[in-house]
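Each of the next two complexes has chain A plus one other chain: chain B in the first, chain C in the second.
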Partner chain A sequence: MNGGLLLGASVLGLLLGGIYGLMASGLALTFGVMRVINVGHSALVIAGAYMSYELFAHLHIDPFVSLVITMPVMFLIGMGLEMAFLQHLREDREQFSVLVTWAIALGVEGVLGYFCGTDLVQISTNYANSSFSIGGVQIVYIYLYGFLLGALLMGLLALLLRRTTFGWSLRATVLNRQAAQLIGIDVAKVSAIAFGIAAAMAAAGGALYGMLNTFNPGSWYDLIGDLLIIIVLGGFSSVRGAFIASLVVIMFQEILSVIISPTWADWSFFMLLAIVLIVRPSGFFGVKTREA
Partner chain B sequence: MTAILEIDNAFAGYGGGNILRGLTLNVEAGKLTCLVGPNGAGKSTVLKVVSGLLHPRKGEVRFQGQSIGKMSPRAILMQGIVQVPQDRSLFSTMTVRENVLLGGFTLSHHAEKEQRLEEVMTRFPIVRERAKDTAGSLSGGQQKLVEFARAMMLDPKLLLVDEPSMGLEPRVRRLVFDTLQELRAEGRTILLVEQNARSGLEIADVGVVLERGQVRLKGSGADILADPSVGAIYMGTSGRLKTRVQDAPAPTGNDVIESAPDGAS
Partner chain C sequence: MKQTFCIGRTGAAALVISALMVGLSLSVVGGGASGAASKSPITIGVSISETGDFSPDGAADMNAYSLWAQLVNDSGGILGHKVQMKFVNDASSTSQVVTNYTTLLSKDHVNFVFGPFSSLLTIPASEIAARYGYAFVEPSGGSQAVFNRGLKNVFEAEPQAGYQDMLSFGDWVLGLPKSERPKTAAYATEDDPFIGPEVAALQAKFEAAGIKTVYNKTYPIELPSYAPIALGVAQSKAQVVVLGTNLPDATAFTQTFIQQKYNPLAIDYASGPDQGTPWVKAVGAKNVAGTTVPLGWLPTLSTYQNKAFVAAYVKKYGGNAAAMSTDAGEAYSVGQVMAQAITAAGSLSNTKVIAELHKLTFKTVQGSFAFNKQGIPNGHVVLGQWVNGSLQIIYPPAVATVKALFPKPAWGTK
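So, the complex of A and B:
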């Protein structure tokens, strides 16, 4: 086994993990706040990818720059979707939410297909393939930038959650929705905003996804399984857990793909999932307060 | 007698049917009213209708003469009604201090919050003692006291308390009832739901028996306690009515009201 290859895979895994973390953290956030498993989250990622793609293809706006447009737009779309489709599912949310969010995903896929077509596309910036070498490891700039963007946005989200009144209301809602209501928190508003934030994070994740992969409106199917497994490993409602689980899972996957084979790497998600569910059912960061 | 809270012919439920079926109930200012009744009678539902977690489908809920039936929980809170719910409701990974401060979430001024916190900590020393511990690390009884403390942040005009003794061992339970009694002595208006009917009615000015979403009996706490039909309810002699087994205390022989029909015997 080549040590350099292994190191390279680890670094790549770490960087890519940061990008996945961006997508998975939004999913964990909405689950925590609303107990809604948003299987349509990856469709929002793809929608974000298309927005960045169209802005790049037609207006030549760099995908990192266009985030100042796509993230706010997706924030509003996310809030709108939540208010239109999820807010009314008061009782038995968890069961119905999968159906409703699945329907939302199909809707998003349909709209994207109508406007953007179903051909595979990719956001190909002129720096797409540039890389630099450090200690024998070849690092593609986009991966590094993506990771840094992920880390930055996660840091901002953490600040928002820790330091603002909204952050307190959100965390209280995650811990105990009814108790939050009873101290005067408007949990409906918190839910809508949280969904908006998750959609904005998805937009950022989508821009990166669209630079690293070819995609079409149906690509959300490929993505959602991975994201769901990541949030299970991260303990479902923990944003930090989702981010760290992304790093671990993707690194594990990249390493497996060089030491065994890429086919095995695809299985690695499920292997990790099985191991964690057996050893520690609450995930890496699951809080064990919900058993009562 | 002035009724601070009036529930008038209220119907409410979840999904299909109604749980409250024409409930009429007044709560008088400055008194402790204890609501008892079998499992599933709708006791918690009454409190939810008052605190706005559930809106009545029909009928009126008035607080200090003002209709609150359609208000949001937040708006009702701002009217001065605070609920301590049946389940454990502290934010388990936050500290005790943070939890209590969150009780003043609707207060706009930081200084006001801090001042209330000081008052509450004087009233509930445990908040000061365990201020930095996470709420989840406290025992069940301690958590209940912190929940009371959190509810006191807004200096409520009406305190709704749902089965505070549930799941607590007898000694701790005593502490919880003592605390309620003290709050009552301070002149607070309290609507208490209690499965341990004896303990609840003993400290109550007014006792109310709820059955299938309607008030079946109302009187002084002592009268209700002495009413043979109340004993019947808790003895389970009328087949459909049963108390919850896990909440039934160990039989003490003379404790007629609290012994479960199919309990530990």
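So, the complex of A and C:
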């Protein structure tokens, strides 16, 4: 086994894990707050990727800079989707939300296909292939920037959740929706904002996804499986858990890809999922909820 | 005794119906322009991957099929019938493609069907067509599994069966002077029933010629990142790289090679560089030089009706010839093959058309070819390479349009 290859794959896995953590965080947030399994979250990631792509291709705005436009826009879109389609779900939210968000994802795919076409595209900045070497390992700038952006946004989200009144309301809603309502929290408003935040995080994740991969409106199918597994391992509703799980999962996969084979990495990954669910069904950082 | 003839009411009715049928037959036989106008259109059903993984290829297929129908109708149709296409979306799904062809054949009762994109969808779809006795000419289902099921109705409208496509790269490399010939090779391929055998055939050819395998990995199509595998290829320092890819992973591999500052002597992709503008946009115009890919079709080929097809395609869909996907040429060939088979059969009977498909040599925008008993075409694909900003033919020498770049220029060299 080549030590340099192992080290290179580990570094790559760590950096990529941070980016996947950013994409998965919104999914964990919506499940925690709203009891909504948003299988359309990856379609919002792809919508974010397209926004960044269009701003880069037509107005030459760097994808990191255009986040100041795409994140607020996606925040509003997210709130709108929540109020239009999800707020009305009263019973069996987890089950019905799968159907509703699947429909939302198909709608997003259709709209993107209509306006942007189905050709594969990629956000190709002039620094896309730049790298530097540390100890014989090539560190690619985009992966590093993506990891740092992910860590920054996750940090800001943690501050929002822990240090603000809104954050307390949101965490109370995570613990028990009905009790939160009883103590005067406007759960509907909190849910809409939480979905908006998740969509904004998806926009940031989408910009990074679009710089690292070719994509088209159908790319969300490939992505949603990975994101769901990450939040299951992370504990469903834990944003911190989603971030750490993504680091573990992606690093695990990248290392196994080089030391055994990519096919085995995929298989082992599901074995890891099964083991964690048997040993600790609530995931790494599962939050114990209280039902009224 | 006087004999009287009495035909009765039933007999009279039969005579009237017979007379009408004779009249109708005569009008059909009469043909001509007025006959064409009165004939019902030929309906052709196709399942298209408008969404999902194959949507870029599906879009090119649909464009080419639509254009073919339009051009055929402009020139009077087939046997005097206009052509009417019916497209249904399969979302790149093997189960949906079965549903689609079952509906097209059992409910819509289309006259003919054309194939979808990829071996993955062609295999189940062609079985439905076989069950209903329909000819199944398809644009890009070239894996061995398409042909080894004993079906007599499947025909791949490409010059050469897809699973043999990458051998042209092998012929080119092994034709280099011995002193220049690479000594080591790395292989990485999608776990795909179409692409895997292509790479395996080339690997066997190289190993038989003494080119040592220093890296060999098969990977699932849907991975969070292809970078670790690309990293493994780069660290193997192989002199020649063979990649069983489509555009997304071809792009990812190329980017990782650039980032890792790894530049092999030659690099061949199952697909990726053949996608025209999307390839250039994805990896950058400065990084395409020297990338090679097998080609069944190019907009610059001087083959049957190719010039008119390319001009009409660009006029209808915009862009330029260089941006056209090879999928478009392959799908257009399906229409050409079927039109020639129906015309030769002189009938809309699928049984008669299948018989002609087994007999004739067909002229298409990809060149001329016939099919063997299994529906495998008997022509040859060429090897394409990006040279001076456009995709050119470099092998075989008889049809080469430019001198090949060997060794491959460094990344960043236009």
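Assume the second predicted complex is superposed on the first by the 286 of 292 C-alpha atoms of A that agree within 3 Å, B and C clash if a C-alpha of one lies under 4 Å from a C-alpha of the other, contacts with A are read in each partner's own complex, and residues count from 1 in each chain.
To be clear about the criterion, a contact is a pair of C-beta atoms (placed from the backbone, for glycine too) under 8 Å apart; a residue touches a chain by one contact, two chains touch by 3 or more.
Note that the coordinates shown come from a computational prediction; the quantities given were computed from them, not determined experimentally.
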Joint occupancy of chain A by chain B and chain C, clash or fit: fit
Dominant toucher of chain A (residue count), chain B or chain C: C
Touched partner set for A:A128, first chain B, second chain C, both or neither: second
First, second, both or neither for A:L16, with chain B first and chain C second: second
Contacts of A:D186 with chain B and chain C, given as first, second, both or neither: first
Touched partner set for A:W168, first chain B, second chain C, both or neither: first
Chain B versus chain C as contact partner of A:A203, first or second or both or neither: neither
First, second, both or neither for A:L272, with chain B first and chain C second: neither
After superposition on chain A, the shortest CA separation from chain B to chain C (Å): 34
Chain B/chain C common contact set on chain A: none
Of all residues in chain A, those that touch chain B in their complex: 91, 168-169, 171-172, 175-176, 178-179, 181-186, 287, 289, 292
Chain C - residues contacting chain A, complex: 50-53, 55-56, 58-59, 91-92, 191, 217-220, 222-225, 227-229, 231-232, 235, 247-248, 251-252, 255, 258-261, 275, 278, 281-284, 287, 411
Residues of chain B defined as touching chain A within the complex: 14-15, 51, 53, 72-74, 77-78, 82-83, 85, 87-94, 102-103, 105-106, 136, 150
Chain A residues within the chain C interface of the complex: 2, 4-5, 8-9, 12-13, 16, 20, 109-110, 113, 117-122, 124, 128-131, 138, 140, 212-218, 221-222, 225-226, 250, 253-255, 257-258, 261-263, 266
